[in-house]
Amino acid sequence: MLINCVAYEEGRRLADVPASDIGSYLARPGCFVWVALRDATADELVQMQQQFGLHDLAIEDALHGHQRPKMEEFGDTLFVVLQTLELSPTDELNTGEVDVFVGPNFVLSVRNRSRHHLLGVRTRAEREPHMLKLGPGFVLYSVMDAVVDRYFPIVDALESELEIIESRIFDADSSARENVKRLYALKQRVTMVRHAVLPLLEAVGKLKGGRVPQVCVHSQEYYRDVADHLERIHGVLESLRETIATAIQVNLSMTTIAESEITKRLAAWAGVFAVATFMVGIWGMNFENMPELKQAWGYPAALALIIGACAAMWWRFRRAGWL
Amino acid sequence: MLINCVAYEEGRRLADVPASDIGSYLARPGCFVWVALRDATADELVQMQQQFGLHDLAIEDALHGHQRPKMEEFGDTLFVVLQTLELSPTDELNTGEVDVFVGPNFVLSVRNRSRHHLLGVRTRAEREPHMLKLGPGFVLYSVMDAVVDRYFPIVDALESELEIIESRIFDADSSARENVKRLYALKQRVTMVRHAVLPLLEAVGKLKGGRVPQVCVHSQEYYRDVADHLERIHGVLESLRETIATAIQVNLSMTTIAESEITKRLAAWAGVFAVATFMVGIWGMNFENMPELKQAWGYPAALALIIGACAAMWWRFRRAGWL
Amino acid sequence: MLINCVAYEEGRRLADVPASDIGSYLARPGCFVWVALRDATADELVQMQQQFGLHDLAIEDALHGHQRPKMEEFGDTLFVVLQTLELSPTDELNTGEVDVFVGPNFVLSVRNRSRHHLLGVRTRAEREPHMLKLGPGFVLYSVMDAVVDRYFPIVDALESELEIIESRIFDADSSARENVKRLYALKQRVTMVRHAVLPLLEAVGKLKGGRVPQVCVHSQEYYRDVADHLERIHGVLESLRETIATAIQVNLSMTTIAESEITKRLAAWAGVFAVATFMVGIWGMNFENMPELKQAWGYPAALALIIGACAAMWWRFRRAGWL
Amino acid sequence: MLINCVAYEEGRRLADVPASDIGSYLARPGCFVWVALRDATADELVQMQQQFGLHDLAIEDALHGHQRPKMEEFGDTLFVVLQTLELSPTDELNTGEVDVFVGPNFVLSVRNRSRHHLLGVRTRAEREPHMLKLGPGFVLYSVMDAVVDRYFPIVDALESELEIIESRIFDADSSARENVKRLYALKQRVTMVRHAVLPLLEAVGKLKGGRVPQVCVHSQEYYRDVADHLERIHGVLESLRETIATAIQVNLSMTTIAESEITKRLAAWAGVFAVATFMVGIWGMNFENMPELKQAWGYPAALALIIGACAAMWWRFRRAGWL
Amino acid sequence: MLINCVAYEEGRRLADVPASDIGSYLARPGCFVWVALRDATADELVQMQQQFGLHDLAIEDALHGHQRPKMEEFGDTLFVVLQTLELSPTDELNTGEVDVFVGPNFVLSVRNRSRHHLLGVRTRAEREPHMLKLGPGFVLYSVMDAVVDRYFPIVDALESELEIIESRIFDADSSARENVKRLYALKQRVTMVRHAVLPLLEAVGKLKGGRVPQVCVHSQEYYRDVADHLERIHGVLESLRETIATAIQVNLSMTTIAESEITKRLAAWAGVFAVATFMVGIWGMNFENMPELKQAWGYPAALALIIGACAAMWWRFRRAGWL
C-alpha cells in the first residue's frame, strides 16, 4: 500500500507525486523523491523497481521479508534492512521490518508487519529543510534514528524485568521454578533484540569512517550518532546476557541452599522423634522385672523424661541453626 | 557416473557433449562446458582431470571425500567443496558432498553420498540465458544457492525441536531424563549443520569484496546473496547453541527444584507419621499407673487426639506449601 | 552553572573571562580559553555552543546525559564523554558524567551528577606552565587523568570485598545464601565500573599511535599514560569477573559438600536409632514363651545390649567420618 | 644417531654422502642434501651446525627439545618444530618431536622420542622425481604431511571414545563416576593433540599466501593442503572440546535425575512402612476398652487392614511413577 | 641502592664508573654504560634521570612501582617493566618488578621487591663479548631472558599441584572441600602468573617483526626467542585455566555422585529396619486371639522370620549395588 510519495528540492517539499509520475521528478537535477510503502505487494514493488532501477535480489528480499538487518550496495543504490521491535498490548515482543532503498535522487521505504508509524519521521524532516537538503542520505538517517530510538523503551523493559526477577531470587518465599521460567523467557527476548541490533550495528559501521557509500557521505556524523545509540543498546544487552546467565546459576545456588536447609530441619525433627519413639519403646517392653513400671510416679516421670530429652535436643538444634 | 555434459554459448545450450569430445568445445571462444558427475569413480575423475587440467591435490580430495567445505584456487581454476544435508525418512541427519571445479570455460560438479538432485539447478539456469551468459561463475552460484537453500528447512526443524523440548522442560510431568537426551541429540545436530555452514561462509566471503577469483568477478552480488543466506543460518545456529546450553542448565535447575519439593513432601509426611507413631507408643507403655488406660473413653479419645494432631500438622504443612 | 572561565597564554593564566567575552580571547593567537560548567542548563550549553561553534549532536548528548564514555571528532573539535564513579557514604556506587569539548583554542568541561571537584585539576595544571603550554590537548589529559585516578580506590574496594567473600566461602559457619548475594552484588558493581572503563580505553586508544586528532598531537605520551592506567584497571576487572564466576561455582560446591555431610550424619543417627527402636520392639512382643522376660537380669541386660549396639554403631560411623 | 644422508640433483638420488663430505655437495649448484638424524647428540648437532651454518638458538631448541610446534626464519634458513603423537600399546598418548632445518640446498630432520619412522617419507619422495625437483621446500612438505597424517587415527580414536562414553551416560546402569573419569581423561588427550595442532596450523599459515619464505615458494599449494588437513583436525578437536564440556554437564544432570528418582522411591517406601508401623502401634496400645482386641476375627482383620492400606499406597505411588 | 655501574666498549668491560662520571662515558662513541639499581630511592632515580635524560612519566612509574608489564618508547629510549615471580620458602607466590631503561648508549635496570639476583646476567653477558657487542638491545634481551627463565619452575610447580589435586578428586577418600580450596588457590596463582606473562608477551611482540625500536633492531632473533618462551608458558597457563575450570565441575560431579551413593545406602538400611520394626510391631499387638503367641516355638520363629526377611532385603540391595 502506497502511503505517500513526495518530491523535494533544496530540502523543501515540492509536490505530492503520483507513483506513475516519479520518473519526471527523478530527471530534475537537485531534486529527490521519497516514497513510503506499507506491506507492499509484489506488483507495487515491481513498479518501484522499474521506476528506480532496483536490483532483483534486493526486491526479492523486500518481498519475502528478511530476518536479519543488513546493508548492501547495488551500484550506487543502497539497500538497508531494519528490524522494528514492538511490545504488543499483551506484552509480547513482535518484530517487523523496514526496508529502505536509497539512491542518489530517491528514497523508498517499505514497512512490513509493523504498527510503527514512520509518518513522524517525514514531518520532523520537513521541519528542518537545512538538514533535508543533505538529501536521501539524511532521510535514511532519519528513518534509522526513528527505528533505533524505539529500541530504548524495550531494552528498559527488559532491564526492569531482570531487576524484578533479581529481587525475587533473593526472596526466600518466591517460587524458584517461576524464576527460572522468567529468566529463560527474558533471555529469549534479549536474543531477539540482539538479532535486531547486532547486524545493524555492523552495517551502520560501514556508513561512517573508511569507505562510505556516496549517498551517505554528507551525513556521516549522523550515522555515527546512530552507531553510538546502537553501541549503548548493545552494551546493555551484553550486560543483560551475562547477568541472566549468572542469575540462572545463582537461582540454582539458592535452591540448593534452600534444600540443604530443609534437609537440616528434616534431620533435626527426625532426630527428636526417633529419640522419643525409642524411649516409649523401652517402657513398652514386657520384662517382668521393671520396677519403675510399678511405681505411681513412673508414668509422669517417663513423660517428663521424654519431654525433657526432646526439649534438650530441640534447643541444641536451634542453637546450631538447624531449626 | 556421468549425469550430463552440455556446452553453452552466450548463455544458451549448444549441445550435449560426449565426455571424449569436451576438448573441442573448450577451445571455442565464448563457450563453456558444464559437466555433472555423481559418485564419480577414480577413472572418471582422472578423465576429467585430463580434459580440464585439474590439480592432483584437488582430484585427490574429490576422490577421498572431504569432510569440510572449502574453496581453493589452483591457478585460474577454483575448487569448491560443499556439504549437503538431508533428513532421512527416519529423521536422521545425513551429510553428502558436492565438489565443484570452476575454470574460465568449464564447470565440473561431482555429487557424492547425496540424494539431492542438482538437475533443477541446470533447468533453472537454462531458463535465464541472460544470467547464464555470466558464465561458469554464475553456474557455481546456482549450485551453491541450491545447496544452501536446502539448509533452511533443516534449521527450521532444529528450531521446532528446541521449542518442543522447551515446553517439555517447564512441564512438570515430562521426563527430565528424556529432555536431557533430546537436548544432547539436538546439540549434536546443530554442530553438524554448523560444520557445513561455517567454513563455507568463510569461503564465500572470499568470493565477494577484496580480491576475487577471476571467474567469479561478474557474479559478486550473487555470492553476497549466498553469504547473506549463510549469515542468517549462522545467526540461527548461534542462538540455538546458546539456548541449548541454557536449556540444559535450566533443565538441571528444574530437576533440582523438583527434588527439593519432593524432599519437602517427604519431610512433611515423615513428620506427621513420626508424631502419630510416637503417640501410639506412649499408650503402649506398660506402666501400671496409667489412669487413662482404664477409662472406657480412653481408646476413642486417644485415637481422636492422634488424628487431631496429625490433621493440625497436615494443615500447617499445607499452608507452608510443603504438601 | 558556570564554575569558572579563564583565558591562558603561553601556559600562564591571563584573566578570568566573563562568558560573554570569550569571543575576543578566542581570536587572540597563542591563547586558549578553559571553561568549566556544572550541571549545565540547556541555556548555558546553547550559549557555549554559539561561542565555540559546537555541533548539535554533541550538545544534545551533553544535555541528555549519555551513559557510555566515548570520543568523537566534529571537524577540528573533539567531544569526549567520561564517566565518574563515586562511593556514596552508604557505600553505594554512583556514576556521574564529565563531558569535555576540546578545540584548537578552547576547552569546555561539563560535569553532571557528580560530587567530584575538578578544581584541583586546574590548580595543578596552572602550577606547571611548561606543560599547560601544550594547550587544550594537555588540559583534556589532566581532566582524564583526574577522573581515571579516582577509579583506583573503587577497584581496590571491589578487590577487598572479593577477598572478604572468599574467606567466608571457605568458612563453614558463614551463610552460603549471604555469600551468593554478596557475590552477585559485587558482580554488578564490577559491571558498572567496566562500563566506565572499557569504552574509554577504546577511545583513548585513538589518542595515541596511528592517526591522532590535531589538538592531542603534542600530548600523546600523556594519553598513553592514561591508557596504561585504564589497562591496569581493566586487567583487574577481568580478573574480578573471572574470579567471581569461579567463586559462585565454588560456593555452590561448598553447599553441596556441606549438604552431603549433613546427609551422612542424618543417615548415621537414623541408623543408630532404627536399631535401638527395633530392639526395644523385640522385647515388646507378646509371645508367652520369651524366657528372658522373666529373668531379673532381663531388663538391665536388654538396656545394656541396646546401649552397646548403639555405641558400636556410633563408633563405627565416627571412624568413617560420618559423625 | 645419523640415519642417512643423501644428495639429490634434479629430483634424483645422487649419492649417499658421509657427514664429513656434505660441504662439497652443498657447493654444487642445483643439488641439495637431505640428512636425517634420530635422537641426535649435542656433538652431532654441532657438526651439522657447522656444515649448514645453523643459528645457535635453533640448535639449542633442537637439543633441549621444545614443547610447542613453531616455524622460525633465521636468514634464509627455516627452522620448523613438529610434534608427533603416538598411541602406545597400552593406549597411552605419547608425544615426540621432529625438528626440521630447511635451507636453499639442504634439509636436516631430527627426530626425538618418537617411534615414527620417517623412512617412508624419503622412499615416497624418491619415487616422484618431478616433485622432489621442487627442492628442500617439497621435502619439508613431505615430512609435515607424514606427521600430520598420523594425527588422523588418533583423532578418530578420541571420537570413538567420546561415542562410547555418550552411550554410557544415557545408560542408567553405567557408573557415573567412571563416566566422569573417562571424560576428564579424554579432555586431557584432546588438549594434548590440540597443543600439537594449533601452533602448527598457525605456523603453516605463514607458508602459504602473503609473504612466504623463499624455500617454500614453489610448494605453496602443498602447504595449503597440509593447512587444510590441520583445519579439519582442528574442527574435530573444537567439537570434541565443546561436546565433552556438555557431556560433563549432562552426566551431572543424569546423576541428579537418578538421585531424584531414588529419593522418590525412598519417600514412597518410607511412607508405606510408616503407615504400617503406625497401625500395628495402635493395636499395641494398652487401653482396657478396646473391643476389637477381644474378637476372634480381630487379628486377621487388623492384618488385612494393614496389608490393604499398604497395597493401596503402593498402587498409588506406582501410578505416580515413584515406584 | 646502586649495585654496579660499568662502561663497555666493543662488547668488553672498560671500567667501573662512579655514578657522577657517567656523562663522560656516554659522550664516547661506540661505548655504552650499564647501571644496575636495587630498590632505588627517589633521589637515585632523579640522578639517573638527569644523567640519561629519562622521561618524567617513566620515572614516576619506576618510583611508584607498576603492576603490569609493559614496553613504552619515549623518543629513542625504551622503558620496559617486567614482573619477577618467586616462590617464598613458605610456598607463597610473590611478585617483584624489574624496570629497564634502554637508550642508544645506556641500560639502566631497577629491581624492586625481588630477591632475584640479576648479577648472573652481567657475568654471563661479559663472557660473550661478540654478543655484548650488539649493545644495550642485547643487554635488555639478557635481562628479559633471565626473568622469563625463572617463570618455568613456577609454572611446573603449578602443573604438579594440579596433578596432585586431580588424583585426589578421583580418590573417594579425599576431602572434596579441601580439593575445592586447593583448586581455587591454584586458580589464583595461575591468574598471578598470567598477569606477569600476558602483557609482556604483547610487549615483546613489538620488539620483533614489523616496526622495531632502533636499539633492539640487531637482537630481533633473540626477542623472538623470548617471545617463544612466553608463548610456551602462556600455552601451559591456558591449559591450566581450562583444566581447573573442568576440575571444579568434575569435583562437584564427584560430590553429587558420592551423595547419591550415600542416599542409596541410607535408603537401603532404612528399608531393612522399617520392615523389621514393622514385624516386631505385629507381635506387639494386644489381640487376644493370636495363636502363634502361645506356641513355644513362636518367639524363635518370629526372630527367624525377621532375620530372614532382613537378610533377603540386604541381599537384594547388595545385588542392586546399593549396599
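Letters A, B, C, D and E name the chains as they come in the text, with residue numbers starting at 1 for each one.
Convention: a contact is a pair of C-beta atoms (placed from the backbone, for glycine too) under 8 Å apart; a residue touches a chain by one contact, two chains touch by 3 or more.
Note that the structure is a prediction, hence the values are computed from the model and not measured.
Q: Can you compute the centre-to-centre distance for chain A and chain E, using the mean CA position of each chain? Integer Å is fine.
A: Chain centroid spacing, chain A to chain E, equals 40 Å.
Q: Measuring from the mean C-alpha position of chain A to the mean C-alpha position of chain C, what distance in angstrom results?
A: Here chain A and chain C have centroids separated by 25 Å.
Q: In chain E, which residues are in touch with two or more of the other chains?
A: 249, 252, 256, 259, 263, 266, 270, 274, 277, 281, 284-286, 290
Q: Work through the pairs of chains, note which ones touch, and then classify the graph as line, ring, star, complete or other.
A: The chain contacts form a single closed ring, each chain touching exactly two others.
Q: How would you write out the ring, from chain C onward through chain E?
A: Starting from chain C with chain E next, the chains run C, E, D, B, A.
Q: So in the complex, which bits of chain B are touching chain A?
A: 166, 170, 221-222, 224-225, 228, 231-232, 235, 239, 242-243, 246-247, 249-250, 252-254, 256-257, 259-260, 263-264, 266-267, 270-271, 274-275, 277-278, 281-282, 284-290
Q: For chain B, which residues count as touching chain D in their complex?
A: Chain B reaches chain D through residues 55, 57, 66-68, 70, 72, 74, 176-177, 180-181, 183-184, 187-188, 191, 195, 199, 245, 248-249, 251-252, 255-256, 258-259, 262-263, 265-266, 269-270, 273-274, 276-277, 280-281, 283-286, 290, 292-296, 298-299, 302-303.
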